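By letter and in written order, the chains are A, B, C and D; residue numbering begins at 1 in each of them.
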Amino acid sequence: MPGYKHLFIPGPTNIPEEVRMAMNVAMQDMRAPDFPNLTKPIFEKVQKVFRNTTGRVFLYPSSGTGAWEAAIQNTLSPGDKVLMSRFGQFSNLWVDMAQRLGLDVDVIDCAWGEGVPVEAYAEKLKADKTHDYKAVFATHNETATGVTSDIAGVRRALDDANHPALLMVDGVSSVGSIPFDQDALGVDCCVSGSQKGFMLPAGLGILSVSKWALEAHKTSEYGRCFFSFEDMIKTNDAGYFPYTPATQLLRGLDVACDMILDEGLEAVWARHHRLAEGVRRAVDAWGLKLCAKEPKWHSDTVSAIVVPEDKDARDVISTAYTKYNTSLGTGLDRVMGKVFRIGHLGWLNEGMVCTALSSAEMAMIDCGFDITAGSGVGVAIRHFTETPAPALKLAAE
Amino acid sequence: MPGYKHLFIPGPTNIPEEVRMAMNVAMQDMRAPDFPNLTKPIFEKVQKVFRNTTGRVFLYPSSGTGAWEAAIQNTLSPGDKVLMSRFGQFSNLWVDMAQRLGLDVDVIDCAWGEGVPVEAYAEKLKADKTHDYKAVFATHNETATGVTSDIAGVRRALDDANHPALLMVDGVSSVGSIPFDQDALGVDCCVSGSQKGFMLPAGLGILSVSKWALEAHKTSEYGRCFFSFEDMIKTNDAGYFPYTPATQLLRGLDVACDMILDEGLEAVWARHHRLAEGVRRAVDAWGLKLCAKEPKWHSDTVSAIVVPEDKDARDVISTAYTKYNTSLGTGLDRVMGKVFRIGHLGWLNEGMVCTALSSAEMAMIDCGFDITAGSGVGVAIRHFTETPAPALKLAAE
Amino acid sequence: MPGYKHLFIPGPTNIPEEVRMAMNVAMQDMRAPDFPNLTKPIFEKVQKVFRNTTGRVFLYPSSGTGAWEAAIQNTLSPGDKVLMSRFGQFSNLWVDMAQRLGLDVDVIDCAWGEGVPVEAYAEKLKADKTHDYKAVFATHNETATGVTSDIAGVRRALDDANHPALLMVDGVSSVGSIPFDQDALGVDCCVSGSQKGFMLPAGLGILSVSKWALEAHKTSEYGRCFFSFEDMIKTNDAGYFPYTPATQLLRGLDVACDMILDEGLEAVWARHHRLAEGVRRAVDAWGLKLCAKEPKWHSDTVSAIVVPEDKDARDVISTAYTKYNTSLGTGLDRVMGKVFRIGHLGWLNEGMVCTALSSAEMAMIDCGFDITAGSGVGVAIRHFTETPAPALKLAAE
Amino acid sequence: MPGYKHLFIPGPTNIPEEVRMAMNVAMQDMRAPDFPNLTKPIFEKVQKVFRNTTGRVFLYPSSGTGAWEAAIQNTLSPGDKVLMSRFGQFSNLWVDMAQRLGLDVDVIDCAWGEGVPVEAYAEKLKADKTHDYKAVFATHNETATGVTSDIAGVRRALDDANHPALLMVDGVSSVGSIPFDQDALGVDCCVSGSQKGFMLPAGLGILSVSKWALEAHKTSEYGRCFFSFEDMIKTNDAGYFPYTPATQLLRGLDVACDMILDEGLEAVWARHHRLAEGVRRAVDAWGLKLCAKEPKWHSDTVSAIVVPEDKDARDVISTAYTKYNTSLGTGLDRVMGKVFRIGHLGWLNEGMVCTALSSAEMAMIDCGFDITAGSGVGVAIRHFTETPAPALKLAAE
């Protein structure tokens, strides 16, 4: 089909031209004397994106799922009691992993469309006088439902209870897009991946850990090798890796971090919020609802849009894909058929959001939705003209 | 600025991913024994895109302007009388070239927004009993004003007058996008370039000539070398070139022609017409007019949109570029400031047209136009949902 | 430094142009309905490269090390007794991993430069009447020393003892380069990675398993999630993955497998042997020895070359890198400074081997080695002219 | 065929990775307000490569042949008397062009293998008291025979005769590789192309002119349009072009000039000389002769090697291509079959020269030449170890 394939799933996101160019490379020697000239600055830049000044980051050739596993294997021990909550496919899978890896998981189930139950966490932590919980897990952005949770609230719950449990955060679809400050939030392990806010192909699991997590590592009793911190630390400090790294992705990561830091994290977050708001206004104009139950949970990186009861969201997605060359996100697990998702994160601008909304409108109209053509994209356009956009700095200026 | 740079000028157009991949190559030996395996099929495919079964095509490392010059230098002689018309920047420049190259040009000036004056041509040709006109020139698609001319009408004028003059057509922004059949139209020289319907970077001048043009070449008296047919013919027939060809572009051209021919010329033309119609409806919904004065002249590859008298179109273009990362075409020469252009040709689909219209709306609203947000893109969306789109054939089917 | 960086480490290897082009892509939707059209044939092709017709392959976004871990985690249980041997850095690391993952490892230590001690294995297996050994591990090609082991011998030892232990093979630097037939050898888990014979960037761990390994999986008691077979099987069968796959690498893998299978596995193996033989003759002409102690252990993918006692191999490597833009492999662990390595696997031809030998000669001469300029590359040239090379099939034929 | 295609023709040359990456781009708007930020520095950098501080450069989407034509059309007039010499295919073709464009050419024919006959030029210029010669043409580097001419000598001949004729130089295969200083040599038009020392794909004709050439332009009477200086000057000064430029190549040119200027012109020239000397020593060791008749004419960018009378050089070239994946240059016109050529210019290092020599040796041995394997590459290796190479500056330093 002619024309760009429009990609509006919540990851992989659209790769910047600069990153694509940087990855179009011949292979290089990962034991060369000047290899650390490439790698050492990358570690520093990635830490800056997490706002992690006290700990360190690990770059695994894997995925966000791999980084989840790395976080658990390296800081906890089989049988440890942990506090988790689930309210969507990804928080659900993380619980599943924790259980399969032998943790004693205290799970709180919430409705899909809600976020981390901060109050319930607070109560449980206060009640845990013996500090049985070794870690508290929170999914910062539930990609399946478009819900952003209150990590600061979880931190407060820990602090108020004076509880030493580690704070483990899934930031796969938030870091680099939604406000996140690892130092300020006291997050011990923050998991991310290359294919979301980092604007790269999938293939890197990124784990940013605090000094407390590194401390906890010393007594962690999991058998581990591929994901082990110790092998990484030993070699990373010299600019190398314990096994062949995904050099091509490192070259891309270097450029992607430069782009994020040059734009400025606050500007990146503001851009995501403004673009997301355009999507939300469109959803409202269409007369539809988000899966996220309250505005406080609205995600700036992905919107899960609930279709009317007599419709199947999969028809919208399939129509957008086959007729309009546009990938929208599907509903996962229990919201399959009930929602379609628009990913609006990464290397994105107003015109791209308008493409997403236009394709969604066309697909919904084709599927018999009672939608006025242009209604959604129209309010987004109005929103974009009414709110300040960062003006282009011409290269010469 | 983050996100794709949206390119909606009438060339260079958006390069297909397949073409971009094909051009990402190391250099190769243009005298290798297997080089003709690459080049010979290309000549055949390009001829098919022109629907030229009797003559041949020339591929110059140059531009459309170079191919204009090649057409004149190789088939006419200094002092030859020719019939031309001008009604926009590009028809204007072709007249200028003809004069500078020493032709005796009989020019008919038309209003910008009109096309080739077929009736006037018919009269002049009928009156030319002595066959003084050696060639008749027609700009198929005037890129500056978004006007498509009636080449069949010009052919009829020649035939009705039983006139042997060569028919020279500028198809730079029409071939591969707007219906054109060189055999059926009896076009002797059709000029094109790589960066429009051929969906490649600029760098190739493409000239498709009839057997009559090749005949005329034998008596043409221009001094020439770089653009000479004879040097090309001698080497092209064996699959080589008289000087180093732009191999990278040839690799891209091979793939681009495959894409055009696989989609099918009629399907390509239909797609352009449907997408252009979406743009025209948007213009109408905005309460604006096209530069093209009558529907018969509406171009399916570019729309030149006239702004209200109290507005400067350059502000729209500049706003779209600096705020919304979108390139629109500027008004050239005498329509500078009065029109902005949307290029809608090449590797294009509905979502891309919606991006163009959305960015234009945002820019116009920012410039104080009295436009309802979503009005233009809305009618385009409606149009696209109401007219059949070729459904995606999944790769496996 | 101008000119190609010459890469002759034993992985990452040189990426074919076709693969590089295939990976120069925008991101795609890994849940799209036509995604299996890409992935399903890949699984089949990869199985063909392993000659595995009864089991299946797993493609992890990881590395060879990750695939090692996947093999253990999915087919064995903590505390299982296994038989291993070490005679180089990589066989050593695999033992280390097995121990860290809690296996009860019976290790046989051999001299570096020897291969798997087939006779010792045979004895131990025969003695193990109670079938305590759950698995036997063999490093097919020890990348650190340039030693290829006799996997058929290990298979025979198992068969002769009528022993049911699984046969685990590290084929990271052999599969796709050195004769390997998983079916015929009765290998249960064969581990590989993308950046060696598969001619891709690092980033994929490739694991090919027999039906017996899949059977063993059912009773394996390791906690696992990221590397778990069951999640992969559930999704792979439909053409999808349990988490975001490294799509870019999959696109490359598809093309790389086509290249290998089009050339033909036997032809690929023959090419490697012929090119390796050129290197070995050069080493002989230089008056140097290989680390591999006997010809039966000569590796066709990498040669570890022992420098005279008064020399430090690191000087050769550093000189080659800084003066001649050439990466040679370093000596690892206990052979550091004593050997340098020439990787000769993957997308390789005679000219490239001559580059490697020439750069090595220049570096050795600069380091004061008593080498006649041209002596090594000369015998390689003679060898290449005296042995048949597969003639180029011109594209048209 | 597996492995790199080794490219050792005298253009197109091997493209630097950096250039290839820079050209892997989406299309851009050549009328955008920030387009001059790209183009203006390019004009300056290209002038620096020519060492032209007083005039200007023109960048045509064409080839070296196009730039030849541009030089003539813009500074001379039909019927002008000019002094030329021919001693190879390219000097020959330039004479042919001059004649076809209507110049009154006084040609001096020399043996192929000699260079510009400086003494004969001097005599003729001295004798031309009436200054009938409007221009003197000199091919700096005759690519067909590997002969570099004495441009300073031609300049002296003009100066000694106090002759005002323009000095036209073909620097296609010399500029950016062989010492050339346009200011110091008083060259009025120096022609080059993108695919040689500029290390780009073919597609740009590059013409560097002095202020005297610009002066001469004012009275030049050729009809011209595509190549006209005036249209270029009008737009170039603002950073634009009179017709769509080959933006992709401009992006590459920008990077290529940076690479040349960062290495330093003197260093680039020295590198070429050192590498060429390695080739010449190999030729000597093989017992063969260069086509260039005297050392003063030895070209540092290409060596044309004469084969024994009982051999056909085309067999060597064909064997190298089909068996060893190596492109050598063929003998053109009257030296066809008598010479093969090794191009050694552009992005080149020692290892690459050794590849070229090794492949040539293999091909010659296969063709029955009486050559000792390793003899040529051996002396080159010795030469490279005995002469200083610029040490790699590690990126961090």
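Operating definition for what follows: contacts are C-beta pairs under 8 Å (C-beta built on N, C-alpha and C of every residue); 3 or more make two chains touch, one makes a residue touch a chain.
Protein identities per chain, from UniProt: A, B, C, D = Serine--glyoxylate aminotransferase.
Computed from a predicted model, the values in this text were never measured in an experiment.
The chains touching subunit B as well as subunit C are A, D.
For the pair subunit B and subunit D, the CA-based superposition corresponds to a rotation of 180 degrees in steps of 5. When the C-beta pairs in contact are tallied for A-B and for A-D, the bigger tally goes to A-B. Mean C-alpha positions place subunit B and subunit D at a centre distance of 35 Å. Centroids built from CA atoms put subunit B at 45 Å from subunit A. Centroid to centroid, with C-alpha atoms defining each point, subunit A and subunit D lie 53 Å apart.
Multi-chain contact residues of subunit A (touching two or more other chains) are listed as 4, 14, 20, 24, 26, 33, 321-322, 394. Looking at the complex, you find that subunit A touches subunit D at residues 17, 20-22, 24-26, 33-34, 36-38, 394-396. For subunit B in complex with subunit A, the touching residues are 1-4, 6, 14, 16, 24, 259, 263, 271, 321-326, 347-352, 354-355, 358-359, 361-362, 365-366, 372-379, 381-382, 384-385, 389-392, 394. Chain contact summary for the complex, subunit D toward subunit B: residues 4-5, 7, 9, 11-15, 20, 23-24, 26-33, 60-66, 68-69, 78, 96-97, 100-102, 193, 195, 201-203, 223-226, 228, 242-249, 318, 321-322, 327, 329-330.
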